[in-house]
């Protein structure tokens, strides 16, 4: 499971990117957030979007590189990963 | 943690089913989604619901079988599982 | 990842508490829920909030103690934890 939380206006852009990299599906939901961006000390607050996509390890790594390379410098985005077991997952990957 | 993402009109039906199988509680949230259903190549897109329930392993397996048997054939549904540690979980299971 | 699901009017209070304990950011979303509170047999149902915060182990334990000590006795709250890998997490902790 790759989860990306970011500003809503990036949603379309990111969804197109992850689909090109091999994601077969995704879920989005509206969330609110508040957080520091760490060493850059720029804060974000307010209406965000959570994008969740279940992918295999290879596609996941491509997505993580894509997000880090394209967005980490200039946008408020946090990305995290955890392992899930998908029921009849052979249908999806 | 058992997570079920599916079409919203199935929510009531699924919640009744998982409660009968032993789920003591659940959380639902509105999400949007887009995904292929794999080999069947029917796509779903749009307004979906995410159902989350924390259960023990036995109840979890019953729920997974129930969802697979009753919905996988005819509905757009994805189900995945991951382990969580519940604070004072002895109260819930 | 520490997730707290509770009644919405507690949101501000809990967010202030977890920030004081060291959480650098959080995400909130509106959810619905239904669940027993276990041995106390008081039920909650309806509009809830999900608060998610990614923290290191030390801050996580402080947050779990804070929630349990301050809210478990009198409020409907469920708290659970799972491990996530944060991309470029060194920026956040």
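The letters A, B and C name the chains in turn, as written, and every chain counts its residues from 1.
By our rule, contacts are C-beta pairs under 8 Å (C-beta built on N, C-alpha and C of every residue); 3 or more make two chains touch, one makes a residue touch a chain.
These numbers come from a predicted model, not from an experiment.
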Homomeric contact subunit A-subunit C: same or different residue positions, threshold half: different
Copy-to-copy rotation for subunit B and subunit C - C-alpha atoms, rounded to a multiple of 5°: 120
CA centroid of subunit A to CA centroid of subunit C, Å: 22
Residue list for subunit A, restricted to those that touch at least two other chains: 29, 82
Residue numbers on subunit B that touch subunit C, as the complex places them: 1, 15, 24-29, 54, 82-92
Complex contact set, residues of subunit C against subunit B: 3, 5, 29-40, 48, 50, 64, 67-68, 72, 78-82
